[in-house]
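One chain, chain A, appears in both complexes that follow, with chain B as partner in the first and chain C in the second.
The block that comes next holds the complex of A and B.
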């Protein structure tokens, strides 16, 4: 029974990725812009070769990338290479493949986004739960308020502000980069500490920007749950306040939040991309914005498709996780 | 024989935007060990408030104004918060009204029983706690494997039994069951009541049964207490109450019950229950009372003992 469900979900996931890659394939081809021609036309302008050579180069590149074939054949080739995780090559840094670019930047993105979104989720939900719990001390309740205020500020502005204040003026943190220049990446403690010190500001700006949302939704949920009969009965049973808070109140109020986390994954990655670019971190987001500014179309498509695939995969994982949190959701 | 439960002058108010609502007005009640009392009255007459006040679980904007609740010689009102937490379930237990939602949906039944034991007897061994919980489930006619189940896997009657099993875990001196059979079908109602009846005999606690269903009450309790507008109007044995109620409100309540002799004839009580914000002066029932006298409008009737029956009515007071 469970195996069947898992298979069904995975086939659904494959359909989503197929749909996403089809859209990624067709949308750029709806326009009559040709990335190869634009790329070389730009090179031709800055000199290096004559305009007559341009057509020959474009034609040979079209042939190399298979762009001279009929559209349908191009499409089947494309889907075939996606299935082998071949996302194409970078036009800008040829012959580097898109997958290589993704793989070298992925650890940085995971380190930043994973840690900051998990931290934000935990902090936000805890503060929201405390804010709605009638027995929590009033000073604890008021901690949540400033975070809710930060919610109105876009993470980019927050990042710029923090960068200016803490890194530029007070010089508490570095101005950017993943680690200090002049040291070689390795697995020593001092290098990891250096990386963490560099990741601090981007992480803080991401966390400050997103904690408020969790606080608000958790507080709303908490107000509902604290009036539930089982929370009252828990108190009638003479349970310790902490046990009621953790097992009866928090565990139930958390359930919709986990779904919310899965839904928020997409926006986490987009706001992460902007913050990465701002702090010049070598993550997926900066690679994407570099690709956009240098018209490296294949890298753009590749990264967008990769992000789509990972969000879809994470959502399926959350769905598998959900029955473990709520026994009422059956997996069969 | 001294009473296991002694409620004295218990008064509870709710502070609302419209003013102070007196939900419980100087209530006195005695209960012997092993005695079963049915607490009846219209909605809003203060039954549940009384139960919550005895558990010291009145929440804002409500407040216990005065009074004492003695359980086995200990006044609950004088305990600290932590002492009161320990008294709940071990001295005085509450079986909730909405048993349908009274169990945590994401915890196994067993875990919800073990945490209750651990909260009171933290140094008991884990195995002993599990055995105690499973024994308790068995004594309310549930299988021992219910321990490993979730609330959504149980029927309504089973959930109510689980609540009873939790209520008797620590063999309390007093059990308050707040409409334990509402939202159950009649067959299940009877089974649940028989379960309460049996475990009550086994552990010899006093039981207060709150409810609307006079018929169900008549079968299971020893005494009936009738509440009206936050006051006790009459406390009598079941036989006296149903045979010859004394207080006019109790008389009207009993008369409003359908019976086999006068089929189709249904006599309600004229008028509406008073708002607790504006309780009538004198006897709260006088505007609806057929036998009201001049004195009833101004003088609050005291609860008086009439050969074992407690009645608060001027009809039975000399010279009123």
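The block that comes next holds the complex of A and C.
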């Protein structure tokens, strides 16, 4: 039974990745924009070579990348290379592959998004559970309200306001970049502190922007659990409030929240990418917006595909985690 | 034939206006959202009459002027540039009015189109079932884990930037936004077509068209309205994200475009704080008003969470 479930999820994952890569393959080819021609036309304009050589160069590059083959053959080649995690090469920094660019920026993105999304998940769920718990003191319940107000505001906008207030007006934080200019990256304490100081604003804006959602859904979940028989039973058994809160209430209300976390992964990464671009942090998001502004199409497509694949994979992984949290699923 | 008169006085039906007012008092988030929306509409409409339309474009006014509203010096008041101007010489007030008007247009267009597609697909797949239903559901399920914004980036970047207008923006947004309303409408129709009033209608010989438009559709209206509001929110949100990474229609002063331009010119480094802050503030108002209305509509569509007085 379990094996069949796992196989089904994995084949679903493969379907999702196939769909994403098919979309990224065909959409650019539907338009009449030719990335290579545009790139070299730009170089020709800025004065690298004469425009008459342009066609020869484009033709030779088309041949090199296999763009002169029939579409179907290109497609099978493309899917084959995706299966080997080969995401192509950068047009602007030619010998560099997209995977290399992704790998050098990935640690930054993972560090920022991992810390901020886990923190916001924990804070939001705790606040939401407290807000719904009838025995919690009223001042603790009211903490949650301001976070809910931020819910409709995307993290990027919060980031702009934080930049204005804390970095521009009060000068408490830097206006961008991952570390101060002039210091070399190494593993010393002072450098790490410098990096953390620079990551504070992006992390705060990502956390503030997403806590409200967790608060609301957890509060809704908590309200429905209050009337459940097992909670009443635990109360009548004379269990202490803290034990009921932790083991009977929080534990059960958490389960759908984990699914919610898996579903939110896409928007977490999306807003993370945009916020990174705004603060000019060296993560995937900045690489993506640099590629967009310099028309480096293969990098755009590669990064998009990489993000899509990782979101889909993470979603399936979280689903596999689910039986560990909910013993009822295992016995079924 | 004698008419039967009731021994009780007929209940006094309060006027419609009074009912709406009473409902809005209970549904605070809907009220707040509508009030913010009203303010935004007034700002945009008065702006459209006051400002010189061509001042929304570069090289029309003196560059880099701070907002005149904050400047209380007699010679500047009333300043010609109440919200200042940017690095390119756009009057921020004119640019914001135009940008908000276009944001609204994108939102309404993509919201209407997305909801329409969702209603048609969700309805047909739920009502008729079979292979079509399986295909639609399968496509929705496979597309759901894919971050929509990423695909939108691909579409927007394969278009020639000079051709991108606000209509293409709306189109890009709609192309990947119909899945959510389709699934919502589908599940509602699935539960509704098993209800008794539909069976009664079927047994009384009402045709498919009569059941769809006469029986199910009226009950579905609150859900369609709620789906529309959340689609408008989605449309505004996605087009804002696309614009803020530099994939918007570059000629237009869309709010996201203004912020993108400000950020790429280092507005904060150079002290031109009003340039990114004003459109950001407008965007916060737009999105939170839509989110509040959305929450209020949820309550309207879902009586289970409706509050009573």
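The criterion applied here is as follows: the second predicted complex is superposed on the first by the 322 of 332 C-alpha atoms of A that agree within 3 Å, B and C clash if a C-alpha of one lies under 4 Å from a C-alpha of the other, contacts with A are read in each partner's own complex, and residues count from 1 in each chain.
Criterion: a residue touches a chain if its C-beta (ideal position, glycine included) is under 8 Å from a C-beta of that chain, and two chains touch if they have at least 3 such contacts.
Source: prediction; values computed, not measured.
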{"item": "Chain B or chain C, by number of chain A residues touched", "value": "C"}
{"item": "First (chain B), second (chain C), both or neither touched by A:300", "value": "second"}
{"item": "Partner chain in contact with A:248 - chain B first, chain C second, else both or neither", "value": "first"}
{"item": "Touching partner for A:167 - first (chain B), second (chain C), both, neither", "value": "second"}
{"item": "First, second, both or neither for A:238, with chain B first and chain C second", "value": "first"}
{"item": "Partner chain(s) touched by A:30 [first = chain B, second = chain C, both, neither]", "value": "second"}
{"item": "Partner chain in contact with A:267 - chain B first, chain C second, else both or neither", "value": "second"}
{"item": "Interfacial residue positions of chain A with respect to chain B in the complex", "value": "134, 228-230, 232-240, 243, 247-248, 251-252, 255, 325-328"}
{"item": "Chain C-facing residues of chain A, complex", "value": "12, 15-16, 19-20, 23-24, 27-28, 30-31, 33, 149, 151-154, 156-157, 160-161, 163-164, 167-168, 175, 266-267, 269-270, 274, 277-278, 288-289, 292-293, 297, 300-301, 304, 307-308, 311-312, 315"}
{"item": "Residues of chain C touching chain A in the complex", "value": "141-143, 145-151, 153-155, 157-160, 233, 237, 240-241, 244-247, 259, 263-264, 268-269, 271, 273, 276-277, 280, 283-284, 287-288, 290-292"}
{"item": "Contact set on chain B toward chain A in their complex", "value": "55, 57, 59, 85-90, 93-94, 96-98, 100-107, 111, 115-116, 119-120, 150, 152, 163, 166"}
